[in-house]
């Protein structure tokens, strides 16, 4: 098999205050895959995400991105390859205008001038926000801000996009619009969420993160229909939702 | 209150601007040590916090109220260098975007509410910690002491500047007595607010309080095996 | 709240004053106010001339006088201070309506009011005609250290978010029947300030993460 885009081997991590969040995570994601990471609050999902581009370094174990170890010397390249869309778009959009926010990443890669403009507009086109390029981000709706946040990552032309709770706080229309955009993207995608219907809609494969370890993985449909597994890890489908009818 | 335009003469205003610039230059270098590459986003958002914190009215009596100035508080929470940068940016934004404090008095305001308040407040805070028992519960009282002294020091500095470059003939001792009298009251208010705020943060997130940072024990990592 | 464009501190328009480069406006404001401050009080006609200059600029800017007047409340503490001056200043005294006042004090109060009012009006005009983003770029052109400008940029960006959090916290307090009336209520207010600090600090850390995730290495590149 080819080199996985993401390759985590027995990753363990504790925060400086002593709280241990990850207890040996093994995870492989291959090119073109769409994987949902499911788990209850406090399972270590966000901690896991922060390991994927070296913001946190594992206390034990290794993380590789397309074969490249995530270590200090490789951080610049790793962060180009792995794009993370954080949960709160207000954390991700910190510049004065949509254009500056989308340009922030490529500028850090040394891209300037016409090439920068081209990439910024291409990324905004992909999320349907090109008309808002000169608006200040704080005057956009929440759904629009989340889409711009996705563009700030797409513009880096990453090998994998990681989304932390992409559907949180979105109204149903914005939720569907974002799903349409994500479905249309030709990238490897990993999505951390407890929105199980969204996971089923967008990701054929799912892994369950529980108490800091991967407790199960397989087809998303199989996992969502395994009642014993679901109950053991505090995962619940919304009332009235039937995975078989999707 | 922020010093407006026309309160001190032009030479004094320019001189204080020079002092402010020197202080900011030192702080820019020092802040890197306190926050490494997090300086810009953290100092920016903490400045926003200081600005918002100054908007909270603390009712006194009979419909009057006071508000936080925050020099000592900010120094204790994020360190003196970052604290000075935050206060400077707050004052600059207030002058440029809210017309609060004169543009020619910006240097004076940075010296009074930034440099003097932060340096004196932080120095008194550290001094008090040396004398008090080495316990985390002592951080808030030490910060409160720093706050009251910092307000008095700012007021005294103001009187000093005024005796050099003031445009109204007020007898020095009258002004000093009046300013210190008023500012001891204000300083006590500042101390109480600073105490409550710092005590609240120290109980919840002591790791965020720069003045309370201690070594945190690291612990051995364990690996859990699952059969999945 | 908030105008459709720019920031709420900025009054959107297309006048020559709006279009003028921000760094020239800031330099102009500082220069103008230094001249105002340096002008001796006795030169009354000069102050009339300064007022006319500002009046013309306001007219050119198209910013409504009522908008500026509303924002001039920021000058209130100066008015109070000026009102006290004639009572505390030394020098020859004059009788006004049966009260003896210091003559230099009266003159100084008038001078302070004039200069401070010109300063507030001129600064408000800058704020009203300059988008905060342009203002920051202007400061950078004026050689203000870029790190300081960056910090200001973050402050401007998060001003509404943090003040909104503050508002929501007050709403939450008041929904549970709490209204601060006297110093006994300070601990509750103080805890709100503390909570606001924790939220702000954590947001600062999250923003920093979002920055380094896109290749930020601490250097200010613009």
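Worth pointing out:
The chains carry the letters A, B and C, assigned in the order they are written, with residues numbered from 1 in each.
Operating definition for what follows: contacts are C-beta pairs under 8 Å (C-beta built on N, C-alpha and C of every residue); 3 or more make two chains touch, one makes a residue touch a chain.
The structure displayed is predicted, hence computed values, not measured ones.
Number of steps on the shortest path from chain A to chain C, with steps defined by chain touch: 1.
Highest C-beta contact pair count among chain pairs: B-C. Taking the mean of the C-alpha atoms as each chain's centre, chain A and chain B sit 39 Å apart. Averaged C-alpha coordinates put the centre of chain B at 19 Å from the centre of chain C. In chain C, the residues that touch at least two other chains are 7, 132, 153-154, 156-158, 161, 203, 207, 211-212, 216-217. Multi-chain contact residues of chain A, defined as those touching 2 or more other chains: 94. Looking at chain B, one finds that residues 41 touch two or more other chains. On the side of chain A, the complex with chain B involves touching residues 10, 12-14, 16-18, 20, 23-24, 59-60, 94, 211-217.
Looking at the complex, you find that chain C touches chain A at residues 2, 4, 6-7, 132-133, 136, 153-154, 156-158, 160-161, 203, 206-207, 209-217, 221.
Interface of chain A with chain C (complex): residues 50, 53, 55, 76, 79-80, 83-84, 86, 88, 90-92, 94-97, 104-105, 107-109, 136, 138-139, 152-153, 156. Partner chain A is touched in their complex by these residues of chain B: 41, 207, 216-219, 221-226, 228. Those residues of chain B whose C-beta lies close enough to touch chain C in the complex are 1-2, 4-7, 9-10, 13, 24-25, 28, 36-49, 51-53, 55-61, 68, 77, 85-86, 88-90, 92-93, 95-100, 102-104, 167-171, 174-175, 178, 192-193, 195-201, 204-205, 208.
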